[in-house]
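You will see two complexes here that share chain A, one where it goes with chain B and one where it goes with chain C.
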Partner chain A sequence: MGSSSSSTERIPDAQELMQETGFSAAHLVRLYERFEFLDKDDRGELRLDDFEAVSELAMNPIGDRIIGAFFSPGRETVDFPSFVRILAHFRPTDTNRTRNGRNGAQPEPANSRTSKLKFAFQLYDQDRDGKVSREELLQVLRMMLEMQVTEEQLQSIAERAIQEADLDRDDAISFDEFKKSLEKVDIEHKMSVRFLE
Partner chain B sequence: MAALWTLPLLLSGCLLGCLALTPPDELPQPHNLPPLLGFNGSDGGPSVDLPMALRVFSVDYHHVQAPFEIVLWIMLASLAKLGFHWSGRVPAVVPESCVLIMVGLLVGGVIYGVRHSAPPTLSADAFFLFLLPPIVLDAGYFLPGRLFFENLGTILWYAVLGTLWNVLGIGLSLYGVCLLAQSSLGDVSLLHCLLFGSLIAAVDPVAVLSVFQEMHVNEQLHILVFGESLLNDAVTVVLYKLFESFLRLPSVSGLDVLLGGCRVVVVGLGGLCVGLFFGLVAALTSRFTSKAQVIAPLFVFLYSYLSYLTSEMLHLSGIMAIVTCAVTMKQYVEANVSEHSNTSIQYFLKMWSSVSETLIFIFLGVSTIQDVHMWSWPFVCSTLLLCLIWRATGVLLLTAVVNKLRRNAVTFRDQFIIAYGGLRGAICFSLVFLIDDFPKKRLFITTTIVVILFTVFVQGMTIKPLVELLDVKRKKRALPTVSEEIHSRLIDHLLAGIEDVVGYWGQHYWKDKFEQFNKKYLRRFLIREDHQARSSILRVYQELERREQRGDEEAPPLVDPRSHSRLLLPEEMDSIRRILSRNLQNFNNKQTPAYSRHTLHQDTTMDRTRKPLHRHQSLGERHTYNTITHWPQVEDGEFSESHRVRAGLSRSHTVCSISPRPVLQDSSASAQTAPADPRPAGDDQVFPQHQVPARRTPKKQLSFVLENEKQQ
Partner chain C sequence: MDTIVLSVFVFSLNCCFSCKLLRKTCTLPPIFCSAELQSPGNVLPNFLTLIISLCMLPFFLFESLILNVFHRPGVNRAYRTPQLPWATLRMEMGAKEKNQELYKPYTNGIIAKEPPSSLQQEILELRGSANGLRSEPEFEMADIFYFCRRGVESIVDDEVTKRFSAQELESWNLLTRSNYNFRHISLRLTVLWGLGILIRYGVLLPLRVTLAVTGICLLLVLTTLVAFLPNAELRSYLSEKVHLMCYRICVRALTAIITYHNSENKPKNGGICVANHTTPIDVIILANDGCYSLVGQVHGGLMGMVQRAMVKSSSHIWFERSEVKDRHLVAKRLGDHVADKTKQPILVFPEGTCINNTSVMMFKKGSFEIGCTVYPVAIKYDPRFGDAFWNSSKFGMVSYLLRMMSSWAIVCSVWYLPPMNREEGEDAVQFANRVKAAIAAQGGLVDLIWDGGLKRAKVKDVFKEEQQKLYSKVLVGDSEDQMEDKCSEDGTAEGDESSKDPTEGQ
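Now for the complex of A and B:
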């Protein structure tokens, strides 16, 4: 281990990225190699078709949304820092940080529970209004359940989900309600890609 | 419906009569290798001839005896199988293997009763050389490749270490039992016990497959158990031969044990290499079959069988060879040969493996009826108990370790199925017959038969209810809310996607490397030029068109008549939960096996339309989700050039599986396209024919072999 910083020389702003995301130098290098592998035309940035070349992603029911999450709104390409920043969400949570123990000065790290949940929330909330409306929920449900249920059943499932979660009765799920409905789920473990540790 | 199965029964009865009345064998020992194919036949048949030169009518049974008897047996087996499937409720309760063994017992009993001598038994050579290869070939050819390689580490872990654990555990404990029961079992040595342990510990792929057919297990579990049963052959064969040769040596030294260990590796890898070699040669041969398409399927069988025989000749693992051969040649052969040839290959594989399996089970039943039994309560009972105990502890321990390294943990339910589903079958049976003669050999034979019968009957029949019980219990404990379910599944999909993006080093890294190598060298060399670039796309289009032409299934409208109210009734809640638990599949955790003994994919689609019984109120069995196991591997590299096409293709995966979203019918077409989908709009024109009105759920699936989940 302990790869020298010379191998990160090829990566622009390596130090800042490591600082910001918490990735080690070794991981950053590997992510860069992966980035270069995905970047088939050697443009230095990823475009939509580069993501779509990952065949398993095409079979993923929410593959489109995952790909979309990499692109900042309005942008058509993903450069390496953005790539890494998104993936930083999936680092395992640092265990030496207690949940309430951080002082207010530091920004929420990308791989904290809240940030992870926020990322997941944004998969639903495509219009970024901070709420998941019934329609947005239905869209995702349709993607996941595909053709196996009828429209009526989808409606009732969405109905039930909103019922359970919607505490302020505005017929939409806000981020806090989303967080609350998942409080029993071990998000830190579920939403971490282990080898990014 | 019930009356229909009496017909096969009547026919079987007639066949029984024929078999029983064939003149008895002059050599009463059942272990002798008969002249042909392992069936103890008779010689000298009745022939009627008139005294003069006038022979208007004569019977010369002797002339056709051997093939006649073989055909009779196969006919009996097949009719029994038919009868089984027609017999109403029986298939739901009793696995096919059990019924076949019972039929075999019946036949054996009848033959014994009529002839007063032992009925023909399954000779080990016949089993290993003729009956086993088709089954393993079928399993290997339809092996869900992607899933298998993703779980390869776990499978190897279970196969090698698990088998070692079982063998040593059972062998040593049995020796302990023999020591304790000095009086009756004193002459069974440690080596004998270890030898016995090595043959009884191995899980049998034939039995496992036949039982899992009727159970619905998720793909991952299926591949774990099945893969383990295939791969543990290497370990079993080596240990068996090792202990056997130790028995023949005057003394055993540590060096011998070490050499034995090396042999495991050699046998396994050797089988692998032999299989690889023959697979590649077969692929190359298939490249040139365009001028003689009719014999193309023959090459598949010939080369696979050759690989099996070669590795058996070299005392390597034949099963591994044939599986490797099948897996290797499959993608190239499919690309090279015509559509009809492909179908022929698949159909013949299924047919032969089916016949083989049926015959094996029937003969297991028949062979149980014989004179050579020796019974010993302590030995038999302790063997049974020890098999269960050691397997359970082995699985628990191994899983505890392996779960730390896997993303999809092997749950307790899965562990139970793995442990309890470790059935023994005909391989043990044949191996026990091959042991050199020693005083207690008959005891071993009896014990093996008892273990096999116990596992197949008791475990085979009870595994399904027990698993359901487990599911029920689990559900009662922690009912997740609907939100939790949905969001959890979303997160699972998300994680799978992210891992795919990042490229799970170790798995995808090597897979990508292999795909590049495959594309650059292997495919160029092994696939016909005109088939190379277009092969997969063309096949996909053809496949789609074929399905299109075959017509779509009309799903009966599954409308929930109750209107939505704010408060949902408990029944609705249950139905929702059922829907979710069945459909919100973890991406790597699908509920249907990709491999089916009995059907090919076309038949499954057709079959399900004709079984309205299986449609309960909630949903049809369309698991359009099923992984397209082969396409990604094949198409991975090819499409980077043609984005549009590939995008169209991957779209077709989703289009085919999702097909018309229900929204297409009327309202909110805008919501349909809302998912941030910056694909070129032209994509949708690629498959205009799939934009069919809603409520129709055509099953356009590109998976190769499917079995839809049976509804309860």
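Now for the complex of A and C:
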């Protein structure tokens, strides 16, 4: 691949980001252009209203949660490295990684199955206590359905979901229970965004 | 014809100045010379003006010659690829040396979007991979993945926001206005490009500005003159000629090379002409080829003067700012205008705002409710010669016009589409969408359902509710279908009754 390192020069810590996230130089440049495009005031970081300007996101029922996932707790802006690290979760899984070769020293890549599951889990688990309580589940359901179902229907849906997934009967879904209930789901494909070459 | 008028105009200007000059040198009684002419300091400016106007004359003739030549179809194609063959070769060689990609494959976006399948399909697929044959509709923890992925896709690349800024070109060439996407290939090319800038800003821009000013002045003067004529027929005939001439001058001022296709479908009296909107220059481009009645808000300043002058000799529809909100008033005035068959067709841009000429956005239904014949027109600009899109949040009107006049040229194609009428059982919105699809198909633009007003406003909650509704159907709606099946199983009589009801309802 021809080195277009001249274009990654504008991006701070480009090499480290590429190592960490696995994005190629070309993808990183395109993402940087997109970042600059969303950053309407040229501040070098994104705020809440920059995200809200994306119309297709505004019509997504859990749009606010997804936007929230970009902001680290307590911070009000997103800089480019954070932006890319979150998007790295959605890179297609590298199929040629050997499963056996994983020794504890290597950190979990951002786009592995476990990392994707963790990302989705955190969309439910807003208080980051490692468990999705009934109330948190109800909140997500309310966002996805709002006026379309009654409160009783919501409660019954939530009840059924917890009963199915909650194996140790503590009335909340932990990350392992979450992982187990989604064993057969093709996450690698459904939680991936295919970046063009 | 307009060249002749222009030449006469300039020539008379020259004569005035040369007369003044002659008077200076002859010995005429001082009453014929104004005091200021007697001072020697004034000779130089007069000479300068004389020389400049003399130079402009061949420029006008030259430009009209060039434009007439290029209007022939065969030559047009040749002009479209004027990249010097030497320069192209050099760029390709340079790229090979550095192992870079010169021609980026034209990417429509950053990500490959799956063909849009419905929300229902996708979620069932998601679940289908989880559980074998569960047909009971229930919430699944996995459902969130669908929304999550769609959300992230739209953060990385969405269809709407990129329509409100200038289109990105695949490759940089010597005709590009800016150094965006610029790659330093060789010193010679950069120098050549710099020379191009000098020519554009130093030579072309002043000449074009002068032309534009002349055009507007002529418009103001001549339309006022024509308005004084008593005979209505003569007045309308002359006003047509005057308008066409002035628009042609303005087109020369921009060096717009326009190709009109299918002129047999040109809009006729008593109809409405709709077109996609990219820039305020659209008006000049269309009015160059036919006479239209314009619709718009009353402005102040120079625009206001021009508006008032135009109204004197032909009928245009200008609204006060307060009247714009009153939809019935607007509809009535437009309706009255088209009912009068002697009046020219109205020119309307239903998108309501400027879009960057890669797509067509939602048409506002107001002009489609009037019920007359609609003549669609598609306008497509060639982005290589000059970017015609007006990004109103970035550039004001004046700086936009200056940018236009310092491009190499504005090359565009105008297609007149066959007239359309509203069909039986079609409401205004469906009719508008049909017209929009036809325009998009002809111009090679993307047909979007999004509202151009999203440039400034936020998305309405209606869209979010749509998504929620679709999702709730997946969860709960299926149970309704099950209930219906049960009813029909109970008895065929009941089934017949339920099938009769809908027909009775109609």
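Note that the second predicted complex is superposed on the first by the 188 of 197 C-alpha atoms of A that agree within 3 Å, B and C clash if a C-alpha of one lies under 4 Å from a C-alpha of the other, contacts with A are read in each partner's own complex, and residues count from 1 in each chain.
Methods note: contacts are C-beta pairs under 8 Å (C-beta built on N, C-alpha and C of every residue); 3 or more make two chains touch, one makes a residue touch a chain.
Just so we're clear, the structure is a prediction, and the values are computed from it rather than from any experiment.
Participant: Go through the superposed model and pick first if A:R160 touches only chain B, second if only chain C, both, or neither.
Facilitator: both
Participant: By the touch definition at the top of the document, which applies to A:M191: first (chain B), second (chain C), both, or neither?
Facilitator: After superposition on chain A, A:M191 lies in contact with both partners, chain B and chain C.
Participant: Report, in rising order, the residues of chain A that make contact with chain B in one complex and with chain C in the other.
Facilitator: 30-31, 34, 37-38, 51-63, 66, 87, 90, 119-120, 123-124, 140-141, 144-149, 153, 157, 160-161, 165, 178, 181-182, 184-185, 187, 190-191, 193-196
Participant: Spell out the part of chain A that touches chain B in their complex, as residue ranges.
Facilitator: Touch residues, chain A against chain B: 30-31, 34, 37-38, 40, 48-49, 51-66, 68, 70, 87, 90, 119-120, 123-124, 126, 135, 138-157, 159-161, 163-165, 178, 181-182, 184-185, 187, 190-191, 193-196.
Participant: Within their complex, state which residues of chain B touch chain A.
Facilitator: Contacts found on chain B: 407, 481-484, 486-506, 512, 557-560, 564, 566, 568, 572-573, 575-576, 579-580, 582-584, 587, 618-620, 622-625, 627-628, 631-632, 635-636, 639-640, 643, 646-647, 650-651, 653-654, 657-663, 668, 671, 674-679, 694, 697.
Participant: Where on chain A is chain C touching in the complex?
Facilitator: Residues 2-4, 27, 30-31, 34, 37-38, 51-63, 66, 87, 90, 119-120, 123-124, 140-141, 144-149, 153, 157-158, 160-161, 165, 173, 178, 181-182, 184-187, 190-196.
Participant: Would you tell me which residues of chain C are touching chain A in their complex?
Facilitator: Of all residues in chain C, those touching chain A are 98-101, 107, 109-112, 126, 129-131, 138-162, 165, 450, 454, 458-459, 463-469, 471-472, 475-476.
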